[in-house]
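Each of the next two complexes has subunit A plus one other chain: subunit B in the first, subunit C in the second.
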Partner chain A sequence: MIDIHSITKTFAGGIIVLNDVSLTIRSGELLALLGPSGSGKTTLLRIIAGLEKPDRGAIHFDATDATRLSARERQVGFVFQHYALFRHMTVFENIAFGLEARPRASRPDKGEIRRRVEQLLELVQIGFLADRYPSQLSGGQRQRVALARALAIEPKLLLLDEPFGALDAKVRRDLRRWLRHLHDTLGITGVFVTHDQEEAMEVADRVVVMNQGRIEQADTPTRIYDHPASAFVYQFLGNVNTLACRVVHGVVETEVGLTLPVAEYATLPEVPGNLFIRPHDLELTPVDHPGSFPVILEHQAVLGASVRLDLRALSGQRLEAELTRARHNQLTLQRGDRIGVRPLRAQLYLAGDVPAAAFGNHQGREIVPLDP
Partner chain B sequence: MRTGVLPGFGLTLGLVMFTLSLLVLAPLAGIFIKAAGLSGEAFVAKALNERALAAYRLSFGAAAIAALVDVIAGVLVAWILVRYRFFGRKVIDALVDLPFALPTAVAGIALTSLYAPNGWLGSRLLALGVKVAFTPLGIVVAMVFIGLPLVVRSVEPVLQDIDSEVEEAALTLGASRTRVFRRVILPALLPAMLTGFALAFARGLGEYGSVVFIAGNMPGISEIAPLLIVIQLEQHDVAAATAIAAVILVVSFTLLILINTLQVWRRRRIDP
Partner chain C sequence: MSPRRADLPFLSNRSELLSEPLWVRLLLLTLALTFLGGFLFLPLFVVFGEALAQGFAFYFATLRTPDAQSAIGLTLLVALVAIPCNLLFGVSAAWAIAKFRFPGRALLLTLIDLPFSVSPVVAGLIFILMFGAQGWATPLLRPFDVKIVFAVPGIILATLFVTFPFIARELIPLMEEQGVEDEESALMLGASGWQTFWRVTLPNVRYGLMYGVLLCNARAMGEFGAVSVISGHIRGLTNTMPLHVEVLYNEYEFVAAFAVASLLTILALVTLGVKNVLQWRYRDQLQAAEH
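What follows is the complex of A and B.
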């Protein structure tokens, strides 16, 4: 178990990269640090590895205080985004590096090193590349070498910094499934950094969503998707339409012409807020259908199994809707059509001074309008 | 042949061959033609006598030692310039090029007055029993001085290019600082160090201006080969001068080809 306790890190120029971050990583889990660039996720990973020193805070690896240990002493496997392979060494020599760097007393003999490296080459499925140099490999192969090299020192903890960031989409998808499989085989504790929410949701046991040097939410992918802890998390997990709104005596009023009743807020006089609707939660209706608002269809794009519609409300605001191919085929839509849309589900976050405890504002409020 | 973005390969190649022939090949060929006029015995007498052999040994030996010192010192200087940000870094950066810009005679006078037995440094070194000026050691000092910028400027860009992540990777794999340097940084720098060595060696071998001031020029002891050529010319023995020149040319050319081959071999291991 790794215990990260109130880590704060400031870079030159006074930029606070990590602001009082605490996190517990359980043994054997695969954890994703997810956030936009500049959220501090890579810095947190580097601090765990000992490549960066925190200004304040402590890190414990099980019972030992690792805060003052150097990267070398922590025995943590680290995989860099751009692989950081040793260019003048063969794949074999790269992987053997960590074993050969051990102090004489614990260093395996030559035959044992060879056996272990061959095992690792087999594990990452690149045995046939042992004598090549990194410049002769593809991106995906290099990443496998980097992974095998990190695993060679038998780390208790494996850290991966945007491991698939530099790869193309297809290789990326294959490799992340394979990583998940590898993790399940080895049972090693793993932390990886990504800015791709799909990747985090698909691969990780738990996802830690970070924003501006803070942890917004740390939970299982399902819980994060279903119960986002903040407006930021809701927005970051996938596409979302954001409608500025006002809540007046229990009714949400938006500029696009949508009104929704929220009985719980009946006592509030007038509060501004934001209403979030996922594209797949927008249902197409005839114009003037009760509970809907009118939009103009500007563009439709077929994306495999689904169709994305670009819509413009009468107020000029652009929205996005997503529907299945089957549903799309029923509708026979034309560009420039006037149609109605209504939310099947929406999430309301109030801005300004609202007593958070009373209204659960930070969590937002889910609204499921009934079809009138 | 691959055509680049810019046209005119034929024209540029022609121009290159023309200038190269005019500036480099023709004069060198001249030396051989002139030297070939000598009979075998005359050649040996003029270019391979006791005094000339001593001069070759001194020139090649001192240039090699100086180039070696330059490589070590040059890597250190480049390391500091690339890896650290400190007050006065820009000044040091500019100072590195000074031996380049200085007329070699000025460098020779400056070094001689500094290292002479009554000089500021020379007198102190003499007290320790080390004589620098007017000895082979003085020659090495002058060659080190003029060769240093070549190594620094060869190594610097390569050092800048070394990804700090590669070092971090080695650290996380449990390597000590010395191991990171020996196994990760040094192999990456080696081709550049070889280039620097070759350049400094060539420069030291050809150096005349600064060396003659500090050398003392005692035949057989501190007389460098280029000086021997000048002496022969002053005595109007052009044949002897070209014979010595031919020997130097052949040896340096062989050495440079050797160093180049070594480099190509190293590079091929990294970027096949």
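What follows is the complex of A and C.
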């Protein structure tokens, strides 16, 4: 178990990269650090590795305080974003490096090193590349070499910085399934950094969403998607329509003409906020259908199994809706059509400076309008 | 262009569209070749022509005179001292500058360039002012009975100063381009700083390093200005090959002068040849450094 306690890190120029971050990584889990660039996820990873020193806070590996341990002493496997393979060494030599660098007393003999490297080459399925140089490999193959090299030192913890960032889409998808499989085979604790929410949701046991040096939410992919802890998390995970709104005595009022009742906020006089609606939660209705608001269809794009509609509300705001092909086929939609839409689900977040006591917490409230 | 050509795009070949008319190209080519021939190849032929004007026997005889032998020996000695010193300094300076951030880094970077910007004559004068008869450092050295000005140590010092930037300058952009990921990677794999340096950092720049040594050697052997000021031109003692050429030339011993000069020319040609081989071998590293 790795316990990260109140880590703060400031870069030159006073930029706070990590602001009082605490996180517990359970043994054997595969954890994703997800966030936009500049959210501090890579810095957190490098601090766990020992490549950066935190200004404040502590890291414990099980019972040992690792805060002051150097990267070398931590015995953590690290896969760099651009692999950082040693270009003058063959694949075999690259993987053997960690074993050969050990002090004489703990270094395995030549035969043992050879056996171990061959095992690893087998594990990452690139045995036939042993004598090649990194420059002769494809991106996906380099990634596998980097992984085998990191695993050679038998780390208890494996850290991966944007492991699929430099690969094309197809290889990416294959490799991330393979990585998940490899993780399950080895039972090692893994942490990887990504800015791709789909990647994080697909591969990780738990996802840590980061923003501006803070952890917004750390939870399983399902819970993060279904119960986002903040407006940021909601927006960061997938497409979303954002409607500026006001909550007046228990009614959400938007500029597009949509109103929704929220009984809990009946005591609040008038609070600004944001209403989020996912594109697939917008249902098409006839114009003037109760509970709907009118929009104009500006564009429709068929994306395989679904169809994306670009809509414009009367207020000028643009919205996106997503339908299945089957539903789309039922409706005969023309560009410029006036139609109605209504949210099947919406998420409401009130502006940050509303006193928390007024409604318990800052978290958003899910609104499921009743079918009128 | 005629409208018919425009209708048939496959007829309009790219080079015709994008380049100057034929006569302009020919003129430029002729100019370039004439210049190259006149200023580069002609002198080369003149040097060897003059050196061999009285036959091979005389050529080798002049190279075998004690003064010529001493000049060749001194030049080799100077290069032999200057290269290892600058190798050590150049690698450490490049390593520190490229891989670490520390106060005074920018100053060090500027200082490394200093010998490039100072005239070699001034460089020689600096050492005279320091170690000459009235020099401020002279009293300090008196107890050790070391003579610097008009002696071999002075020549070595001046050469060291002049050739100081070559290796460092070659390595810094290369190392900066390569970044620290490889080193961090080695560290994560449990390598010590020493192992990382020898097994990762140094091999990553080996061709650049060889290239730097080559340039450093060429300059160390060919340096005239700084060495001329500090050597005192004592025949058989403080004359390097370039100085010896001058002495012989001033004494109207043209064949002998050109014979020694031809050795320096051969050095230059060998340097060029090796440089091209290295450039070809380490084109990947060079490209990386140029970005």
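Assume the second predicted complex is superposed on the first by the 365 of 372 C-alpha atoms of A that agree within 3 Å, B and C clash if a C-alpha of one lies under 4 Å from a C-alpha of the other, contacts with A are read in each partner's own complex, and residues count from 1 in each chain.
Assume contacts are C-beta pairs under 8 Å (C-beta built on N, C-alpha and C of every residue); 3 or more make two chains touch, one makes a residue touch a chain.
Computed from a prediction, not measured in an experiment: that's the story for all the values here.
The superposition on subunit A brings subunit B into a clash with subunit C. In the superposition on chain A, contact is made by A:His88 with both subunit B and subunit C.
In the superposed model, A:Gln136 makes contact with subunit B only, not with subunit C.
Of the two partner chains placed by superposition, A:Phe236 touches none, neither subunit B nor subunit C.
In the superposed model, A:Ala101 lies in contact with both subunit B and subunit C. Residue overlap on subunit A between the subunit B contacts of one complex and the subunit C contacts of the other covers 49, 51, 70-72, 75-78, 80, 82, 84-88, 97-98, 101-102, 135, 149-150, 152-153. Every residue of subunit A that touches subunit C in the complex is listed here, in rising order: 49, 51, 70-72, 75-78, 80, 82, 84-88, 97-98, 101-102, 135, 149-150, 152-153.
By the touch rule above, subunit C contacts subunit A in their complex via residues 181-182, 184-192, 195, 199-200, 203-204, 206, 284. Residues 163, 165-166, 168-176, 179, 183-184, 187-188, 269-272 of subunit B are the ones that touch subunit A when the two sit in their complex. The part of subunit A that touches subunit B in the complex is made up of residues 49-51, 70-72, 74-78, 80, 82, 84-88, 97-98, 101-102, 133, 135-136, 146, 149-150, 152-153.
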